[in-house]
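Two complexes follow with chain A in common, the first pairing it with chain B and the second with chain C.
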Partner chain A sequence: MTPTTVTAPGVRIRDLTVVYKTPAGELPAVSGVNLSLEPGTITGVVGESGSGKSTLALSLLNAVQPPGRIAAGSVEIDGLGDVLTLGGEDLRRARGRQVGYVFQAAQNSLNPLKTIGKQLLDLGRSHDVEDLRGLVRDAKELLARMGMDGARVLDSHQHELSGGMRQRVGIMLALVLNAKVVVLDEPTTALDMITQATILRIIREVHDERSLTTLVITHDVGAIAEVADSLAVMYGGRVVEHGEVTEVLGAPRHPYTQGLIRAIPRLSGDISEARALPGRPPTLGTLPAAGCVFRERCERRMAVCETDEPIPVFRDGRTVACHAVDHPLALVKRKEFA
Partner chain B sequence: MIVGTGVTKTYKQRGGVLGGRDVPALRGVDFAVPKGGAVSFIGESGCGKTTLGRIIAGLETYDSGDIVIDGVSMSGLSHRRRQPYFRRIQLIHQDPYSALNPTRTVHQTLQAPLALRARQTDRSRSWTDERAEELLSLVGLDPGYVLPRYPHQLSGGMRQRVVIARALTMDPEVLVADEAVSMIDVSLRLGILSLLKDLRLRLGVGVLFITHDIATARYIGDDSELYVLYRGQVVERGNTETVIADPVHPYTQSLLSAIPVLHGLERPGPERVVPTEALDEAQADGGCLFARRCPFATERCVSEMPVLGRPGEGGQRHACFHPQRRSVIPVGAGRHAGAGG
Partner chain C sequence: MTNAVRGRPRWGAVARKTGGHLVRGLVMVWVVATISFVIIREIPGNPVLGQYESLIQKGMSPEQAERATAVLYGFLPTGSLWQQYLGYMGSLLHLDLGRSLSTPGVEVTTLIGSAARWTVLPVLAGTLLSFLLGVTMGVYAAIKRSGKLGDMLALSGSLLHGVPVYVIGLLLTAIFATLWPILPSGGPVDVEFVPGLNPGYLGSLLQHAVLPVVTYTLASYGGWILAMKSNVVAVLGDDFILAAELRGLKRGIVFRYLARNAILPLFTILALSIGMLFGGSIFIEEIFNYPGLGLLLVNSITSRDYALMGGTFLVITIGIVVANIVADLLYTAIDPRVRSGGAA
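And then the complex of A and B:
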């Protein structure tokens, strides 16, 4: 497959709200999220369990499963329109053709009974690919590009491949139909350190060569820092900070981002400076109904945080949703943060 | 104090037309866990670190070598006679979601081992309730909140604390923590790590920390010792801070080089090492186990197997013919995280 000169599509997520039906009523897992993926960039979304990051990723395919439901908003992809208005055949075709998806734990998303090659042909047939030989050739090229013996891999069952190899097969299946928007959900979870470094390098290189627009979802700030151009931090179903990755990591503005970065175990630097965030991440049931979702754990909370939800403000290339960000530091002194 | 000498373990893979293949998990490992000390085993999956942890916890047998607990050799003892020794070593599982019985409340989970402990130590039944509350407070939980609850009502971090409290019911001398924080949310990991460090200081419990994430090993105490395992062999060993800051074995350097750099906050180390090939477990033995993947391997490395030598100048020991310090870990870029702190 020759690298095309077609420009990468942009993706614009607007006011996206996704709710889950629970015994306590419909609760928002993603709440009014605005996020633009610039054409040709890698955007990283980082968040802890329950932050809504995987739900956000599924929305790009309009694939939120019941009891979940996309309640409001739009997901515009250049050349495809609003994905959320697509249905039936159109939606099925868009998945794979326009939007490639590498699922969390690619090891478990492969069919254990069929060889990789057979699964590739299934994919081709379901998308009415006429030149199946060409498809196999493209797949082999992609696999070779990622440092594997294509013919051998296509003849293998998934149990014959290591975790890192399965992950690469997942990436191949997401790209082989020439999708230009690619979503990777936790691409390096459960991989060893050295394999993780290899996969991250491959993601970056393939992204550049094929001029893709890529979204990487993960809980691992380090993995994002290695590959992404921009970083969006999610908490309690909101994007609380978004900006250029080195800027966000080097000078985080939202108290959650600051606390999260301080909590990462690191190889160098003073151990005593690192500390866990107090409290725990919210779940659907414990999300506060009004005010800032992070205030329970925040060292800078003010009276207004109890009542008003902070509105994301864009300034100097950075979007931050926090009431305290414009206030001088050290407003609050609480013992547990000292 | 637990001392192991030359511990080996080989798994026999069954099946296949031509019979099984032997998979060496441990190839003669020496180790020592001092009383109240901290020791970390690091390495990739399949390096034998979990097997070693399970052997030390008495959950797995070893083929040869010896394990000596408080001066008593385990090799000569029957299974029954070993039990009281291994009781002093308790395992904390990786996955706090499957380590707790979902049909039991935290109270019930702690009652069973505590009742056993009460019988062993001639205490009254009422002691168990008191002790359960004491242990939960010790691991940083509110007993009133946690005791009546089922595991699904607790967060991952809280569950892991319950698992640690349950391990403490046996008054252990050593806790074996196998990937104890890898399934915990990032913002809470340090909390569990400092709890382990805290238990060392307050109870004098030794900690055996097994992980693939080297950075976390720094947080269980600056006196801790690090063992780097590769395919069942210890390839480098020394003070945790020393080995991380000044690794001399190319495999240790590869592992450290693979850790993502927080660009914007730090810069990559100038001499990062990338293995030349992927791990191939079926690779034939003979020579250095890492030689095939090592960018610095020479002919000697292919034909002769290096053994763990005497402590060098930094106090660390290595199994390499061509040890050389390389600067592989990230360097601070000057700006500090957490400007709000």
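And then the complex of A and C:
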């Protein structure tokens, strides 16, 4: 494979706001998100459906689909600049070449009428790859690396592959042009447990081998614990907690993260020990206009939660946005975080 | 996890499939032939027996009358139903459909053959033209669906789809043959030209074909554009289109992905409508006085020409059965999911 002497790029998302046009006006799916992906790390983003995590992932490629629109903010990727200012051919070339995107496994991210090999060649031609044979060789190596017979897979149509195989093909197509930033949207959803474990192991290994900067979107806290270095928890379009994965999961600070972890049934012990979060996640239309977005479901709700939106505060390697989480006064005013 | 099969067509399976289709098709044709035999035999007034009896009344001997009627209908008018049926089927196997009543003495096959020529030209040209036009416009209507152009195109489709073909035909005749007479109003060709590959004859042929072809095109265009638009919109929502864009594929390639997937279901309809063309287009042929199969069928019904009627029905049936087989095989050739016989 191509030697990877280049260091992994960092990604800095700043004040990102994405709005969706609805009959009730433009409503934010992501509001004012700040998130840094450290070079060479895997960052997990967890959240319920509608928390804005997929919208966030698409923003990394400036690919928010109408009726959505990126209203404010920037996404700086080292070596590429602010993705949100890119357009037309520049943007197209960056996609695939610099930022790889892997779709959900259950969804069909491949053209059903063409063999994988032909779609690989389409990819190569789109990015002006001159050595198409080399591209096919790289693809076969990647597929072999993921435990598949490359030649046979390239000769197959999508419907001839299982969910796990399709998912690995998706990963191959995201990596074959040597993209250094990889975004995986729900990479293990709808796969069986063994395939899930295999895909997660592959993500981790390929990430390390190629020194990538990876973002994994999921609603599966268990899956993310195995693969990620750091974890961001999203709720109502905001990152409510972000820190090292073992710390966030081991000692969650935000009431939402705590509730989320309590809701996971344990392998040992009674299933009734798992407690569902009361209430339901907000939709675009039910997001409160002021105050904390989580307060309706929060057991530590205070008067200030009704009026003021909590500002994310960085302390002890962790960013938390909650009024109830006790923090030193000196840090309360600090808006920025690393 | 490794249950994938090679993406190559299995020609053995294709041959078996084709064989099955042919057998089923023959059964269909046989069923229709039987039904039309029984209907002709059982209509009140029994034209076969009527013919036989009127010949006897005219002074023919029963044997002569029987033979004369047999020549007309292709089967014996007397004897048990079974004997007549076997006789009819026997002559069918020899492609003998009997003789026409309304054009005495002329074989039904000859009449159908000459009418088919006049049907194939306008209907086939109209079908293909409307398909090309409708599909292209359908893609634009889908891509520009939130703009004015898309609205206009979709509206044109709904409008033309809703207007009956005879209204379009009469309107075009009124405009281009009466108000502003630049085109002939009817007939297949001017009689002053000698049939053959000479410019005068061909020119007259084309001139006469314009209005029927345009009418047919406009009448079927609406269906194509609406179907293509909804297919494209559906495929646009498929993940692989967004995935292709996120992989940075060139616009042209993404467009081909889109178009090929959207047009696929339409090929079946196209093959079927080409099969239907043997039914002719009764309205268009009537309006433009085009001696095609549709007109032949109408005339055979009004003149109670039962042999011709039965023959025309049979040709229409065969056309549709064959088109069905072709549509199915076509799908096998262009859709890999069907080709390998597995579920997607």
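The definition used in the following text is that the second predicted complex is superposed on the first by the 316 of 338 C-alpha atoms of A that agree within 3 Å, B and C clash if a C-alpha of one lies under 4 Å from a C-alpha of the other, contacts with A are read in each partner's own complex, and residues count from 1 in each chain.
Everything below uses one rule, namely that a contact is a pair of C-beta atoms (placed from the backbone, for glycine too) under 8 Å apart; a residue touches a chain by one contact, two chains touch by 3 or more.
None of these values were measured; they are calculated from a predicted model.
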- [ ] Could you say whether A:Val75 touches chain B, chain C, both of them, or neither, answering first, second, both or neither?
- [x] neither
Open item on the list: One more residue to check, A:Gly164. First (chain B), second (chain C), both or neither?
Closed with: both
Open item on the list: Looking at A:Met234, would you say it contacts chain B, chain C, both, or neither? Reply first, second, both or neither.
Closed with: neither
Open item on the list: Looking at A:Leu123 after the superposition, I want to know if it touches chain B, chain C, both of them or none. Which is it: first, second, both, neither?
Closed with: second
Task: Which superposed partner A:Val45 touches (first chain B, second chain C, both, neither) - done: neither
Open item on the list: By the touch definition at the top of the document, which applies to A:Val83: first (chain B), second (chain C), both, or neither?
Closed with: neither
TODO: Have a look at where A:Asp220 lands relative to chain B and chain C in the superposition and call it first, second, both or neither.
DONE: first
Task: Contacts of A:Val245 with chain B and chain C, given as first, second, both or neither - done: first
- [ ] Applying the touch criterion given at the start, work out whether A:Leu142 contacts chain B, chain C, both or neither, answering first, second, both or neither.
- [x] neither
TODO: Could you give the residue numbers on chain A that contact chain B in one complex and chain C in the other?
DONE: 162, 164, 195
Open item on the list: Please output the residues of chain C touching chain A within their complex, sorted ascending.
Closed with: 1-7, 238-240, 242-251, 253, 257, 260-261, 264, 334-337, 340, 342-344
Open item on the list: Considering only the defined contacts, which chain A positions touch chain B in the complex?
Closed with: 48-49, 147, 162, 164, 192-198, 200, 219-223, 225-226, 245-253, 255, 258-269, 271, 273-277, 280-281, 283, 299-300, 329, 337
Task: Residues of chain A defined as touching chain C within the complex - done: 61, 63, 65, 92-97, 101, 103-104, 107-115, 122-123, 125-127, 152-153, 155-157, 159-162, 164-165, 170, 173-174, 195
Task: Contact footprint of chain A on chain B as seen in their complex - done: 44-45, 155-158, 185-191, 193-194, 212-216, 218-219, 222, 244-245, 254-266, 274-275, 278-279, 329-333, 335-341
